[in-house]
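Here the chain labels run A, B, C and D in written order, and each chain numbers its own residues starting at 1.
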């Protein structure tokens, strides 16, 4: 079966495709039919009854015809009721997750996604096994977002302080883009990540390494992995360029002016405090938008990040 | 019959000239013209914002706008176009001018209230422009909580502006409904009223019953911003979905307030230029009122993926399909009106046929969004952007420009240049469809709306869309220059240049201060054309 | 809707209609009496009667709101003169208000009270801080500090939350189970 | 200056109306449409209140137990009596008794200001207890985590209603001024009738607001 992109619809990669695409194409043919019906009728009437003489009058004042009127009331009614049931039936499939699903918690925050696996692994891209139902429990740390995978034809808004559910079952391996479709601020269009669908054994292998990322790595290497995995890269650059947050290049040991907090020496304590309660001392010229990492980062991860920052001279 | 004062039969443009007389006038015709001028200015402002960020979208990389500026521009484009151009649009400009003329009255029921409505509109517009200076409002015209709860001063000013503009819209609707009930000319029963007035009546119902809920939503959002009472703010136990319910309970009837007046103008122009009585008058009249009523029960289809309960999703999807029936009736009746007519393709008729094309696409793309399973894929993508532009710009603004051309001789006493008008009409048609049809394809391919940076595969669609917008802008400016030029080099317009049968064409062009030298007696329907003697 | 030239029934060009003084004073005392009834009902200590098969609290609430409705009718029909209107226009305007409000409350209620039919975790608020919490004896809702896990256990095994049948039920209402 | 009430000028029907009756009908329908938009505004607030009542009944009962229903009852008495005096003012205007119209209007204004006085007493009590909405909350002895929302709604609804009482008083003062400018007869009593209808709306809203917030707890 050809899974590539068609004129109207993106590539096919989930079980929802055979719910949404047939309904979409059916409707496409209905709208082609009605559209060309109207346009052909209008063009034919216009050409046939064009006014040749300036004082030419209408040839007949036909003003009503009950059967015609009832016709174009009942027929559209039947068509739309049919469409309703098609949509309704498909919708129930797309909302009710089958038994035996694998659950992943998704956290959206201003302009980055993070995926937490039950085994404790945390990743910034969603890695799932093929042909197994996956249920995502979505929540947001700040404003509304929306988790949209065009290839899977599925989308769900991400609401702060609640878990919103979304399930899918990938039918083929590959990497499929994920987009945020609910407006959420400056980098709304950069809040992108990907779903990596892999074979079942490759998945369990990956899961094993991802569950304990620090194993066998020096704190600096572990810090580097966390830099991307925890979404720090969304706001802090490591090449010195100013982003939403201060750059980490040459940060350690520098004096920072924190406005009300006065001049602060950037040492281990300050970095730890800025991670766990970021609005305590905000560097001048930056917005206090950093999310709270208290309870999100384990102590080993904080140490790893600090040692990684130290390496960035 | 009370014959009015003799001295007032000079036309309304010349009787009491001078800026002060215009600013304190209570004559519905002058208020209509002032509304028309303001609305066209804001249409150009909103359009420029759209033009700038369309240029920015030429490539996925940064052209000349930063992401923040892009967000501010699409927010201002949305707010100015919705609250300042298309919602007041046809009712305030053409409705104010034409309604008393079409029912044979001297003026609206409450002239002073009409002037208050104009001043509230200007006050709201001033505050909206002030919000541009007072900071950067980048929350979109939908102002969803919790993003709009960030105490951003510009956002708060924009809410105050929307409050006054909503109040001005209520007063216009109130004036129209009372006038149509109590001040019709002798002999004009409800079924001898032109269909433009039925559309104004349906719009009035929605303005009266929907806009107050917008007022409450804005008050609650303002109080939530200042005191944080916790109704909408999720961090204080509130529910952002409740804000979406309050917002869309107004905003869906608002999109029908936008499009129903367009239906009214289309019925007038199609009947007049095919010299034929409208097909199925009562069906078309009742379908306007039916859309007004159904418009109140369908707002949930904006929230299918927002986390609404599945039962509510199903009920809203079921009810949304019923809005397709009155629209289908109207489109089929307009097509049937052309049958056996004598069709004269003047500029207004070109705009009316273009309206028919655009509204058919707009309506069809709307119904697919009501199909639950497909909407999960299409929601918040460019498909939705293209759908509501086909309806708001492709149907309403095209009908509005057609209506301005149709009543221009009556309003100004001058004829615009016909050939330039036709060229502009064709440019608008080609430009509009080039701009927005590709967005349908881009949207169903999965490109989200309000995106500053997009996937490279969508670049070709954005580029076609931007080129289309250039053609559309050229067409609109040609039409504007053609109309304004007619003040100087336009020929003097006769009382009834198109040979239409509705009452406003019995008054002079431009009409005297009290519309009719003596109150007309209505003996026949609004489209009683004769037939060709075989 | 008669056209405007037909004069009011009978006498020529006399606007409006007179509401007799006795009706006004009568409705005033009726309103005072009904207020007293409402206050009496609200002070009725429902716990005293230990009838358990009747939900007395709900009955008391409906009775109170019922008297409020009657008072509203008296005010609108007599004090506002809706009862004396010859044309039905003003009455339809007044009543259509309540039709739209009923639609609004009905659908928002359908949404809020049926959430979590398919996935119960949606209804549970997490990580939110109530200003009231600081006063209450320390418990109240989970503090913002800890990132709460969803109620549905995230165990690899089949989830306990909802034993969702793979084939959803056919009837229109969603698979509520 | 206006001499005895008989010396006041008569009202002339506006030029764009054909008869006094058409003018009165138009003004009354216009007033009813304005009342409709007011009812929709308050109605939307009531929908919000009803929703939170069903979602968090405990917070509502705890919140309303802290409200002083005696003051609410006095306020209800003030509004109902001022509704009576406004009704009598309309009847007096129809009988052309200009003096009685003014007396009733003044009585209504006094009763309305009584309502506002009681309102300020209630609000100051709330300020002391600290049960202010949202961030300003510093009350003690509340257990339900949602009770700050009840008081948020309480302040929004009673505040909006009090603003409408103020607007109503303004309209009464305007009607008082009109009674010195034009003679009220059975043919022309529109200003008094419209102010009476607006005041009856304020009564109507309070009749539903009072039990919802004070009594249902």
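Please note the rule applied: contacts are C-beta pairs under 8 Å (C-beta built on N, C-alpha and C of every residue); 3 or more make two chains touch, one makes a residue touch a chain.
Treat the numbers as computed from the prediction; the structure is a model and nothing was measured.
Novice: Going by average Cα coordinates, which chain is farthest removed from chain A?
Specialist: So the farthest one, by centre of C-alpha atoms, is D.
Novice: Between chain C and chain D, what is the gap in Å from one C-alpha centre to the other?
Specialist: Whole-Å distance between the two chain centres: 21.
Novice: I'd like to verify one number: the distance from the centre of chain B to the centre of chain D, where each centre is the average of its C-alpha atoms, in whole angstrom.
Specialist: 35
Novice: How many angstrom lie between the CA centroids of chain A and chain D, rounded to a whole number?
Specialist: The answer is 49 Å.
Novice: Two or more other chains in contact with one residue: find those residues in chain A.
Specialist: 88-89, 92-93, 95, 161-162, 164 - these are the residues of chain A that touch more than one other chain.
Novice: Chain B: which residues touch two or more other chains?
Specialist: 181-183, 209, 213, 230, 234-237, 241-242, 249, 307, 310, 314, 318
Novice: Can you list the chain D residues in contact with two or more other chains?
Specialist: Touching at least two other chains: 18, 22, 25, 29, 33, 36, 40, 44, 51, 134-135, 145-146, 148.
Novice: Could you list each pair of chains that touch, in label order?
Specialist: Going through each pair of chains, those in contact are A-B, A-C, B-C, B-D, C-D.
Novice: Could you please specify the touching residues of chain A with respect to chain C in the complex?
Specialist: 88-89, 92-93, 95-103, 105, 107, 118, 135, 137, 139, 161-165, 292, 294-296
Novice: Which residues of chain C touch chain B once you look at their complex with the stated criterion?
Specialist: For chain C paired with chain B, touching residues are 1, 3-5, 89, 96-97, 100, 103-104, 107-108, 110-118, 122, 125, 128-131, 144, 172-174, 176.
Novice: Flag every residue of chain C that touches chain D in the complex, lowest number first.
Specialist: Touching chain D from chain C are residues 4-5, 7-8, 13-16, 18-19, 21, 24-25, 28, 31-32, 35, 38-39, 41-42, 61, 64-65, 67-68, 71-72, 75-76, 79-81, 87, 89-90, 93-94, 96-98, 100-101, 104-105, 108-109, 112-113, 130-133, 135-136, 140-141.
Novice: Spell out the residues on chain D that touch chain C in their complex, using ranges where they run on.
Specialist: 18-25, 28-29, 32-33, 35-36, 39-40, 43-44, 46-47, 50-51, 54-55, 69, 73, 76-77, 80-81, 83-84, 87-88, 90-91, 94, 134-135, 137, 139-148, 186-190, 193, 196-197, 200-201, 203-204, 207-208, 210-212, 214-216
Novice: For the complex, give me every residue of chain B touching chain D.
Specialist: 1-2, 4, 105-107, 109-111, 113, 170, 173-175, 177-179, 181-183, 208-213, 215-217, 219-220, 223-224, 227-231, 233, 236-238, 242, 246, 249, 514
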